[in-house]
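Presented below are the structures under discussion, each in the form of structure tokens.
What follows is chain A paired twice: with chain B in the first complex and chain C in the second.
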Partner chain A sequence: MTDDFISLRSIRKTYGPVIAVDNVDLDIAKGSFFSLLGPSGCGKTTLLTMLGGLDRPTSGRIMIDGVDVTSVPSYRRPTNMVFQSYAIFPHLSVADNVGYGLRRQKLTRAEWQRRVDAMLELVHLEGYGDRSPSQLSGGQMQRIALARALIVQPKVLLLDEPLSALDKRLRQSMQIELRAIQREVGITFVFVTHDQEEALTLSDKIAVMSKGKVLQCCPPTDLYDLPVSREVAEFVGEMNLIPGIVEAQEPGFVSIAMPCFGDLKFPSGGRRFAKGDKVLVAIRPENFSIATDSNGLSLKIINRAYFGTHLHFMMTGDGLETPLTVSVPSAVARAHGKAVDSDQMTVQLVPESAVILPQMG
Partner chain B sequence: MRKVRLFYAMIYFIVLYLPIVLIIAFSFNDSVYIAFPLKAFTLRWYHAAMENQQLLSAFSNSMIIAVTTAILATFSGMLAAMATTRYRFRGRSLATVSLFVPLALPTVVTGVALLSIFMMTGLGLSLATVILGHLMICTPFSYGVLVSRFDGLSPDFERASMDLGEPPLATFFRVTLPLAMPGIVSSLLLTFTISFDEFILAFFLSSNSPTLPVFMWSQMRFPDRLPLVLALASVVIIVSSILIVISQRLRSKQA
Partner chain C sequence: MSRRSNSPYFLLTPAMLTTVATLAICMVVLMVLAVARQSYLDIDLTFSTHNVELALTSPLILKLMVKSALISFGVTLLSLVLAYPIAYLLAFDLTRNKLLWLMLFTLPCWISYLLRVLSWKLILGYQGMINTSLMGLGIIDQPIEALLYNSTSVVIALTHAWAPFAILPIYVSLEKIDRSLIRASGDLSDTPMQTFFRVILPLSLPGVTAAFVLVFIPTFGDYVTPHLLGGPTGVMIGNFIAMQFGASNNWPLGAAVALLAMLVATLLVCIFIAGSRHAIKAIR
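Then we have the complex of A and B:
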């Protein structure tokens, strides 16, 4: 598995004064499921269309499988795209849509039919070949778009928010299917989404983008557990950010004074801090524990919400600038019974699962 | 209030269609005079029209002009519509406006201007000069029909085709053209009708090979040929109406 099957070098794209993509460098491994995650307007779709050759970068270089494709037009690139709008040709039958890209291969009628049928089978739409696209549901259109792009056996499949138009249940089953198909065909998938949950579920690696820049590029677990900045921490999942001041640093650890939790020792995560630095202690809602002794911090419960598997609490207390979100598994909450039902609850944070971020902006 | 509105609508349609109904009625009237009461029913004006050599030659002139104009106007209208909907360029809105300007010019002015140019340059007058004149007034209509079609056509279809390996020209024939087809047929019918019925430019530019409307005009000098003109007019009215209805149907279907 080479890590630089696709490599983007200093990619910039500007539309007049607007910078859509700002100096992006990325490497994507062969056969991986790679996601570009970010809010709308962050440049992820522009990056994808440049990979597909439907847009040219203003500057920078794109290499796919060792070949510089920067100025190669889309119709000669080893990439295919699944459009957000699906773009299923309304004047062609389902089979003619799926077989659209095969024309240049000069296949016999029988061979053409065999390839189309095999693709329809892959996306579980056997026997739909003669139908008109207008008879298809959104989920079926999505599969046809996928089959049409995969039939030409691209080296890279580009997917532009392909699931965003589907309802939640269908989207979840399509996510599983998409991952299964990717494993089966072994093609490199580059997937654009604004849905962090979708990105975390599907990807081998995720690049988080904002304002045309890549903020962090790493596997999903690292993204969740070790965000590199406040922006990433807040975009992916829920995160409590507690301000604090660095007291001292020793190898691998950093001591931080917080107005509410007092002095605690955190893993430094390879970062260097100086005494007096203002930092943020980033901690996920599930990384708190309910304390039975007096070691924890007693906080006032201002809101509680039941999510089936979990209970969410919004809590305030002295020295807390913003309310703290604490998530407790329902079973644990039941075990604590009365403590959870009262107005006050004592919580402890787990320093090992916190990340210390520089306080900027 | 309801009655007033109904009354207004009825007056409107009567004023609009009564002359046409009268033309058709008198074309079947067995008399040279256009006067009530109607006499017996006859088809002899239609027979006479069928046997009139000048009329047949004018008809064939009109057909040649209208068919050529329809094809050329639709082709250039399509190119203009694709340019203004598919590309963002400096002066795009100016181009869009200038495409419609010929519609606002009085045809007489256009006619005089074209006549002067053709005489000045020594091109002379022929069917070709009528076609050029008609292109001026038909292209804006074609553009109008096609721009709405292309506006409603997502560029993603063309992008998808190119992404699947088809170069721009192949993409045009496999995707753009079939998807624009209802608009193209609608434009062909509309521009054909406009060119076929057009009088002023044809009058200025046709010289000794008159089109059907010019021929009809010339026949008005002979009172006894009036019923023959009426018969001809009836045929033109009916054929034009059918074409317009088909064209409208196609346009509403695409919406």
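Then we have the complex of A and C:
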């Protein structure tokens, strides 16, 4: 598995004065499921269309499998795209849609039919070949779009928010199916989404983008546990950010003075800090625990929300600028009974799960 | 509740009345006339198939019918070929001032139809623009007489008059095409040319069909342009019908031929629609 099956080098794309993509460098491994994650307008779709050759970068180079494809038009690239709107041809049957890209290969009618049927089977739409696209549901259109792109066996499949138009339940089942199909065909998938949960579930590697730049590119677990900046921390999942001031740094650890919590020792995560640096202690809601001994900190509960599996508390304490979100598994909350139902609750922060971020950036 | 559900029909009343008065009644009159006979200056209303048989068997009427079909078919095809690129340009390439461009392209329609037809006399005539220019340039020694008073001049003038009407329906159907379909086709390794034939053309077919009907039907029955520019060889079925209601004073025959012409036009349009659908299916 080579790491630079697709490589983007200093890719820039401007539309007049607007910078859509700003000096992006990315490497995508062969056969991996790679996601571009970011809010709308961050340049992720522009990056994808440039990979597919539907748009050309203002500057920079795109290499796919060792070939420079920067100026190769889409119809001669080894990439195929699944469009956000599916882009199913309304004047063709399902089978003709799926087999659309096969015309180049001059197949016999029987061979054509065999390959279309095989593809329909892959996306679990056997026997739908003769239907008109207007008779299909959103999820089915989605599968047809996928089958149509996969049938030509591209080196890279580009997916532009393909699941965003589906309802939640269907989206979840399509996510699982998409991942299974990717494993089965072994094609490199580049997936654009603004849904962080979707990106975390599906990807081998995620690049978080904002304002045309890649903020962080790493596997999903690293992204969730070790965000590199405040922006990433806030975009991926829920995160409590508590401002603090560095007291001292010793090998591997850093002591930070925080409001309400006092002085605490955190792992430094390889970063260097100086005394007096303003930092943010980033900690996930689920990394608090309900304290039974006196080590905990008593906070005021201002709001609680029940999520089935979890109970969310909004809590405040002396000196905290913004309320903390604390997530407790329902079973744990039940076990604590009374402590959870009162106005005050004693919680404990797990320093090992916190990440220290510079306050700026 | 029932009053509310009736209101759309109520609102249609003025249009319905106008249609009935101008179209349905005229059609009934035509049908009655078609099975009557002319006896000198009077019309004998007793049932007779004489004129219908005449309309169906006369070699002259058959010849005029074929000629009309050929001329208006030529006009329609020329109009479609000329209008399609303009509609394409409007839909895909022009992004600003679309309305202004559309107005400019349909500007000829702002001038009286008769004036437009007559202006071709000035252009194609014996002492017309083309002949005098060519002679002035020394390319020809004497005026070309073949320019005017034949089928060609009728085709030119009719195309000029009707091509603007073909732009609009084609433009509308092109404008409606989801742009991502065009991108998808390119992405599935179709060249821009293949994309045109496999995606754009089939999806604009409703517009092309509408344009065909819009141009073919009126030109098939036209008699003003052939009368003014057709000369002896550019006569169409409309001229024959007009003559029966005029100088020849044979209304029943005119009515029978008019009905027959309507049937033929409808049939030809149906054949075109079926044919174009078939052709599109073959392309993919």
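Assume the second predicted complex is superposed on the first by the 360 of 361 C-alpha atoms of A that agree within 3 Å, B and C clash if a C-alpha of one lies under 4 Å from a C-alpha of the other, contacts with A are read in each partner's own complex, and residues count from 1 in each chain.
What we mean here is this: a contact is a pair of C-beta atoms (placed from the backbone, for glycine too) under 8 Å apart; a residue touches a chain by one contact, two chains touch by 3 or more.
In this text the structure is predicted, and so the values were computed from the model without any measurement.
Participant: Taking chain A as the common reference, can chain B and chain C both be placed on it without clashing, or not? Answer clash or fit.
Facilitator: These partners clash in the superposed model.
Participant: Quick one: is A:Arg272 in contact with chain B, with chain C, with both, or with neither? Answer first, second, both or neither.
Facilitator: In the superposition, A:Arg272 touches no partner, neither chain B nor chain C.
Participant: Name the contact category of A:Pro73: first (chain B only), second (chain C only), both, or neither.
Facilitator: So A:Pro73 meets both chain B and chain C here.
Participant: Who does A:Lys106 touch here: chain B (first), chain C (second), both, or neither?
Facilitator: In the superposition, A:Lys106 touches no partner, neither chain B nor chain C.
Participant: Between chain B and chain C, which residues of chain A are contacted by each of them?
Facilitator: In chain A, positions 52-54, 73-76, 79-81, 83, 85, 87, 89-91, 100-101, 103-104, 148-149, 152 sit in both the chain B and chain C interfaces.
Participant: Which of the residues in chain A end up touching chain C in this complex?
Facilitator: Its residues touching chain C are 52-54, 73-76, 79-81, 83-85, 87, 89-92, 96, 100-101, 103-104, 148-149, 152.
Participant: Would you tell me which residues of chain A are touching chain B in their complex?
Facilitator: 52-54, 73-76, 79-81, 83, 85, 87, 89-91, 100-101, 103-104, 148-149, 152
Participant: Along chain C, where are the residues that touch chain A in the complex?
Facilitator: My answer: residues 178, 180-181, 183-191, 194, 198-199, 202-203, 280, 284.
Participant: Which positions of chain B touch chain A when the two form their complex?
Facilitator: 154, 156-157, 159-167, 174-175, 178-179
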